[in-house]
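First chain A sits with chain B, and in the next complex the same chain sits with chain C.
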Partner chain A sequence: MVKLIFIILAGIGVIAALMVVSLKNVVHSAFCLIITLFCVGCIFVLLHAEFLAATQILIYVGAIMVLVIFALMLIDSRETANDRRFHHQSQWVIIVGVILALEIVIFIIPKSKFIVNPEKMIAQTAEAGGNTQLLARYLFTDYLFAFEFASLIILVAVVAAVFLGKRLSPTGKRE
Partner chain B sequence: MQYNFVVLLGDIKQISAEMVIILTIVVIMLMDILAPRGDKTLLAYISLGGTLLAALVCCTWNGVEQSIFSGALVVDRFAFFFKLMLFTITALTQLMSINYVKLRNINRGEFHALVLFATLGMLIMVSGADLLSIYLGLELNAIACCVLVAFLRQNVKSNEAALKYFVLSLFSSGILLYGISLVYGVTGEINIYKIARYLSGQQNVSHPMLHLGLVLLVVGFGFKVAYVPFHMWVPDVYEGAPISVAAFLSLGPKAAGFAVLVRIVMVAVFTLKVEWSILFSLLAVVTMTLGNLTALCQENIRRLLAYSGIAHVGYMLMGLVAAANYPQLGITSVIFYLLCYVFFNIGPFGIIILLCNKHKICEFIGDFDGLSVRSPLSAFVMTIFLLSLAGIPPMVGFVAKFLIFMAAMKAELYWLVAIGIINSAIAMFYYLRIVVAMYVRAPKPGLKINASPSLTIALAIMVGFTLLMGIYPALFIGFARYSIATLL
Partner chain C sequence: MVPISWYLALSITFFIIGIVGVVIRRNVIVVFLSVELILNAVNINLIAFSYYLSSITGQIFTIFIITVAAAEAALGLALVIVVYHNKGTINVDEISLMRW
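Here is the complex of A and B:
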């Protein structure tokens, strides 16, 4: 049952992701991206990662996609609609990509076994007082460095955005 | 282990060099805001001072090797070696930038802060002991470098280069993350040392999913290190970026990427050495050959240096292949190559900065015509760098190449050595082409050198080390050997 739901969700997610890159209208692409992110959130629920699922929906679908759509409102989407969408070599890319993907599905996946065992992990998580609590504890102990270091990445992103977004001085015309 | 405040303080003490960099960034950004109209040259000196102070602090490391932050980072000799190298690269970049940013009208606080941000990311990459912190360091570096490339905002080429760099680094991050997740799925660990321990306990490590994960990791880091076929961004970025940033990019991310690659293949998946040595030998062949052949027909020196840099990565990969059978010899040759590469590869970029003025950048080979008449000294210095890049005996480039070829010979990779030697001969042609232009052709009018004290100091350091390491390489080879003793 869980497997079936997973396949449905993953299938919708992948198809929506393909549509994000292949649709001509950027607004439609943005909406497909919402579907993809939502499916990923649902998969997190299947994996008993409720906290991650909630953040996925709140942050990606809620906050980031709203920003993306705001940004799209500032550009004229009709302008891009008539452009040639793909590079002339894209058919070769598709052929090679499909072959590689089939290779992974046929040769690699059947022979592989992930040692990360979800059932055992779910049991351990429940024992430790639930997902959210465990996440909080790890974030401030084992993964403290990564957690703090991520703030530096956000800082550099802010500096970058402010610098690149600032209007050029009147003398600094484009060459 | 119980994680408490005392342990945390001890861990922070171990990364005090990085803390110095962070504090310098904060000081620079605050001073930038507090003095909005003033001259920003002071900030350049502060950032240089911060780098030197961090290097000093790094040198006070007492030799104790330990993993810190619950295994997120590791403090060891290998990381120490690369940290010193990164501080050198950063300091040279900053010295070369001081005058150049004024010339191109990009003397802003953000520039100096972003160089330090990029350095910080690389420092974390080289000391990262788990794939998560390596990824975070890589991402910090990529964002900072991307903005540095875009710094000439009025320039179309700079914008184009930045966009290419941005898209490709996002793409490579995605591939890298996929690889990390597959490795995690198979081994259940993200810590490099724990992955090694898990794999050495397994009977049959030849796991197809692990191979796929490893290939994806190699691809992901390939964009940083720039081997073929992940090199497409390099020439455009070197051409479009501010010159000192191009110099920084030609060394920094490459060195950090190599450090991470060495740590992953030599520690985490050393048990798969048969598989990855085949992979790297193929990559080495195409990287050397394509880099050199494409460099032959370049007229723009920055593009030429980009392709020659790609070819040099090919030689280094050869050392990595040799390391599968002779770890000590192979890795020593690779990191010694990287160390001396710092000096003679940043050098030519310094000469290009020396020749550029407000209106014109002399970046074509034709612009170097008759430089020996206009400025004998700078032509001589450029010749030293080029001869070293070509690998001609008294220079250090020869020693470095010799070590790599020797390691490959010992590992009985004769075909790889043969291809490497043919490639070195091809490379000789395009380096000597510039030398011929400088010494044989008639000088062009209007070629003027624009020396500043800081740039002169940087060039003097680079020439000095190129010669010193060429004459007395044993000292530096010894340092390289010392630094990998506990890694393998």
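Here is the complex of A and C:
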């Protein structure tokens, strides 16, 4: 049953991902990426990472993709009929990509041995009272410095984005 | 239970689709969307190993990847809009100011 759900989600996600890179209209690509990100969020639920599934949908679908679609509103990205969508020689890239993917999926992954031991994780989650509690316990103790540093990165990015978004005055200074 | 190799196969599929999208498309917004696809492939990998190896660290790192992706989105789209205002195009092969 879980395998069937996984196959359905993976199929929808891969088809939408292929449409992201192949569709002509950029807005359609953005909407297909939303479908892909939603499927990835559902796959996180299958992996018992409920907090990250919610984060995925809130941040990626709710924030990043809305930002992309707003940026598309400010840019005239319509391509004319004779405009090329792809680079020259892109067929070679596709051939190499397909060979690489098939090589890894068919030859490398089935021959590898993986340790499969999720019982400890299930016990830990039950002991902490849920996935979010377990995540918070580690995030605010062992990884506190990285957490604070991530907030600094966000701050720098926001300041830089506001600076870049300002119009240039005729003298060349940013207003 | 779904075997871990299925998750790895899905992850490598997303990764290759993302890399091919970065290389072949001319529109810089689609290149940006493909980068998001690559980051998601990595997230699937990290969370699959986090669950199957009983370690929460993969999920913690996924939070940081999502953070960096959000920062990258804000900064990248601001850059794209500035480049569009200055050059009037968002095709990556026409933006060649820094090419020697």
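Definition applied: the second predicted complex is superposed on the first by the 159 of 175 C-alpha atoms of A that agree within 3 Å, B and C clash if a C-alpha of one lies under 4 Å from a C-alpha of the other, contacts with A are read in each partner's own complex, and residues count from 1 in each chain.
Note that a contact is a pair of C-beta atoms (placed from the backbone, for glycine too) under 8 Å apart; a residue touches a chain by one contact, two chains touch by 3 or more.
All of these numbers come straight from a predicted model, not from anything done at the bench.
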With the two structures laid over each other on chain A, which partner does A:L152 touch: chain B (first), chain C (second), both, or neither? first
Check the residue A:F31 against both partner chains and state whether it touches chain B (first), chain C (second), both, or neither. neither
State whether A:V2 touches chain B only (first), chain C only (second), both chains, or neither. second
Looking at the overlay, what does A:F107 touch: chain B (first), chain C (second), both, or neither? first
Should A:Y143 be classified as contacting the first partner (chain B), the second (chain C), both, or neither? both
Which partner, once the models are overlaid, touches more of chain A's residues, chain C or chain B? C
Which holds for A:A10: it touches chain B only (first), chain C only (second), both, or neither? second
Indicate the residue numbers of chain A shared between its chain B interface and its chain C interface, in ascending order. 104, 109, 112, 114-116, 143, 146, 150, 153, 156-157, 160, 164
Can you list the residues on chain C that touch chain A in the complex? 1-10, 12-14, 16-21, 23-27, 29-30, 32-34, 36-37, 40, 43-44, 47-48, 50-57, 59-60, 62-64, 66-75, 77-82, 84, 90, 93
Chain A to chain B touching residues, read off their complex: 104, 107-109, 111-112, 114-116, 141-146, 149-150, 152-153, 156-157, 159-160, 163-164, 168, 172-175
Residues of chain B that touch chain A when the two form their complex: 3, 8, 22, 29, 69-73, 105, 108, 110, 113-114, 117, 120, 124, 132-133, 136-137, 139-140, 143-144, 146-147, 150, 153-156, 184-188, 207-209, 212
Partner chain C, residues of chain A touching it in the complex: 2-3, 6, 10, 13-14, 17-18, 20-21, 26, 29-30, 33, 36-37, 40, 43-44, 46-49, 51-52, 55-56, 59-60, 63-64, 67-68, 71-72, 74-75, 77, 79, 84-87, 90, 93-94, 97-98, 100-101, 104-105, 109-110, 112, 114-121, 124, 131, 134-135, 138-139, 143, 146, 150, 153-154, 156-158, 160-161, 164-165
